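In the two assemblies presented below, chain A is common to both, partnered first by chain B and then by chain C.
So, the complex of A and B:
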């Protein structure tokens, strides 16, 4: 049984990694080699594709733009979702159930629906082509999910802890930061993972809300497709570079994610 | 858990409420507004009632893409859920291998969606891609850019590659939450692997599976970027799904009225299916708890 399991998980890992490997393989080849010969690894290894990206500010600024609005989004999401999740997990209040469901409905809204209105809304308040506009737009999807995840984690912390702390004379903010947050740290890890994930990978809204200043890397990549055909090598190199931040995030939260999903209701 | 009644809790929820209201209610009202008016310019807008809705519902392009969308979401769910559970069951539970598999599985989830499209474009092309090259090498004529069936299969395979990990990770953590005592009891009873799966693991996975299925349904129903990059919706319209039809309509042709009406219908379908699914599941849950309490 155990051997069969091992074979299965190895086979699936290969299935996951093979397309990624192919992308990496392509990123170290010149276009002539990509189109001319077929090989499992680069015959004439070259850094040229990466050089194109690292020497051109209009390329590498795309990475900074993306990382900037993703971090902004994660911070905003955590700041507003933490108190709200606490309220949902500890108190009954007028309209709580409706509000919770309404929040989730926003997670269900297709981004394509919001495309045009978002464009008009952010243009009219003068936020078009800013990082904050993309971060706010992504909050529409990340905040409901964050509240949902955090609420699950918080509900698994016994109420008695809150009550004891208040009796001991802790004020609410002090209790929240000093005692409560450490208790749900894996929940915070999972939440950051999800906010990062959905903001980093989303392109449709990010592309629509930006033109030059805050343009995400994903949108800049389309320029490799020109009149003379596709610049496969640079496209592959840019793709490889977009995978790296994701892998770093997974690496840092890996233990939380394993513990995390199960502890909260998620 | 007993919650205390406290309306002051609204102060804690207020930031979320304001934030989401700003980026949800205002745009949504704009869409509703557009969907019932015929707008020529800023000063010439006429109220047309449900005209656009009627037009959109009778549009064969939309009916086709709606059908394709349901087929697509249905097939990816049918593959990803069982496969995800199987992968979760196979994952090592401790040690360095466990961390490593977690990281490997999570990789597809954190790749920007257009890069996912690019990866598969490069991987599946017959001339430069490993997959396309190998399949053609086996004597099967495969080209996702010309053949509708190939395009369809490639898009589904891409989605399986991209999202099975989410189900697997959710189930994996669900499995970790099962106390060892359950397995020991099963071993004493000499339960088969299948019996352990059916009576211990699957029931415990129900919570995470509900969330997984809901997320996968909602996201596959809104899919835009990946097929757009991979196939551009083609060949013909064979892989044009709802979001792409909608964006084409709203931004390509600037048919704002019908596009807005379409948006509303689109949103309502997602809402309705998710709600139906959620209530059915929680209803089943309630019935089951009732049964158990009757028995005891």
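So, the complex of A and C:
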């Protein structure tokens, strides 16, 4: 029985990990080897592809740019979504339910819809090709989701805890930071994960709203198609390096992601 | 410290939660709020604490209007029915938190937390986190946090409801002792008449958002102001029999009658409602003038060492509270005995006309 179970797991792992393995495999090969022969592992192992990326500023700046606006996006998302989610979870106001639902409708449109207005607006106010421009554009999608996730986590904290804290003499900011945030820490972890991931993999807006200064790595990767054809090895190395931040984030929030998909309503 | 509520009204979405509440609490007094669920006990406490706003009326502490004062600025403590602690802090920090916020010196905090924890017998758990404790210990932690600071008003909102029977009895006794040592106003809400009687102190009866009666619990048990008040002190509910009083006779719809005597003597003739507490009826006559009624058993509910015997005939339904375990089958014919000297007399609106106790003690307040 356990053997049969193992077979399934192995088959699944191979199926999922094969493309990733192939990417890593390619990143340690030269272009000639990639195009010339079929081999399961590099015959002439080389770091040259990585060397290109780490020494050429036009490559490694792409990573810095991406990380810069992704982190910026996550921070803005949290700063905006935490108070908003608290309000939705604790207070009643006119139209609160409609507003809460309306938040999600923002996510129903594909990012491409907002491409033209963002481009035109940012160009005219001088935000074009800045990191904050991309971060703000991504917030349009990450904030609603963050509010939804955080509201669920906050609503699972009894209101009486807030009240007890006020009775004990906590001021609102102190209560929020000392008591409330630790109670929803896993919700915050999940929120950061979702906004980080969305922003990290989103290409369309990021590419359109930048040209040189804030160009993301995913946009730079398309540059390898040059006059001499595709630089397969460097492209593969860039791909490997692009996966790493995602893996790191998943590693840190792995225990909370399942809860996050239930939006805290567990 | 004195606390006065003046004409307090509160309604939410056109539903009235508190209607014209006028109450005053003496410094150092122990007060019980007795009322059924949704009677307004919690609403009243939340208004006193400043957690909810009033629609009209004033809350005065020491003669000063605190109606619009924020929760943080009122010197109160509150314990909820649910076990509310800060899950991310250990028991010590939980208890210490009001003191830390008040800027108390470190050594003083340590001493007072130790003292309070000892009083509530939770000092072995100071290093643990609230969710690692049993329900009783969690509630003790919440109480310790409420008691550790010198609050002028202590609010206990049915704190023992979610605990098991044994623990409840034990903690209730301890609480009573703890309150005696303090000089603050303690207000304790409960749905159980037994608890109100056991705790003593001044009891305020709440019914559908307004105050029925204020005074010592035992007084209210004997001299309820109306049917609702009498009912609040009966568990199971008080029995009501419609009847009439004439010159010579008291008649229950022509199936039973007895001569006018005792406390019915100077009552004007007319139609009345007679109330009898379930514990006052019995299966054996205790006096010669007890009224004998023939009924059939509907169901015998056995609760601990008591039996609630539901009986009926074609005129009425009654509940008897009997001590001991009695096993009766449905439809068994029995004779029950009803002592006329224990009958409450209510008019058709439910107001009290006559209570079955001779002399009414002086000093008990009444509210319309």
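What we mean here is this: the second predicted complex is superposed on the first by the 252 of 266 C-alpha atoms of A that agree within 3 Å, B and C clash if a C-alpha of one lies under 4 Å from a C-alpha of the other, contacts with A are read in each partner's own complex, and residues count from 1 in each chain.
One rule holds in what follows: contacts are C-beta pairs under 8 Å (C-beta built on N, C-alpha and C of every residue); 3 or more make two chains touch, one makes a residue touch a chain.
All figures in this text were calculated on a predicted structure; none of them were measured in a lab.
By the touch criterion stated above, A:75 is placed in contact with neither chain B nor chain C.
In the superposition on chain A, no contact is made by A:177 with either chain B or chain C. Once the two structures are superposed, chain B and chain C can be ranked by residues of chain A touched, with B on top.
Residue contacts after overlaying the shared chain place A:168 against chain C, while chain B stays out of touching range. Using the contact criterion defined above for the overlaid structures, shared-chain residue A:93 touches chain B, although it does not reach chain C. After overlaying the two complexes on the shared chain, residue contacts for A:48 are found with neither chain B nor chain C.
In the superposition on chain A, no chain A position is in contact with chain B in one complex as well as with chain C in the other. Residues 1, 5-6, 8-9, 12-13, 15-20, 22-23, 26, 34-35, 38, 40, 76, 79-81, 83-84, 86-94, 96, 99, 103, 105-118, 120-121, 136-137, 139-140, 143-144, 147, 155, 159, 196-197, 200-204, 217-218, 221-222, 232, 235-236, 239, 242-243, 245-247, 249-251, 254-255, 257-263, 265-266 of chain A are the ones touching chain B in the complex.
The touching residues of chain B, when paired with chain A in their complex, are 1-10, 12-13, 15-17, 19-20, 22-24, 26-28, 30-31, 86-87, 89-92, 98-99, 101-115, 118-120, 122-123, 127-131, 133, 161, 165, 169-170, 172-174, 176-177, 193, 207-208, 211, 218, 221-222, 224-225, 242-244, 246-247, 250-251, 256, 259, 263, 266-267, 270-271, 274. Across the complex, chain C is touched by residues 158, 160-161, 163-171, 174, 179, 182-183 of chain A. Residues 49, 51, 70-72, 76-78, 80, 82, 84, 86-89, 97-98, 101-102, 142, 145, 149 of chain C touch chain A in their complex.
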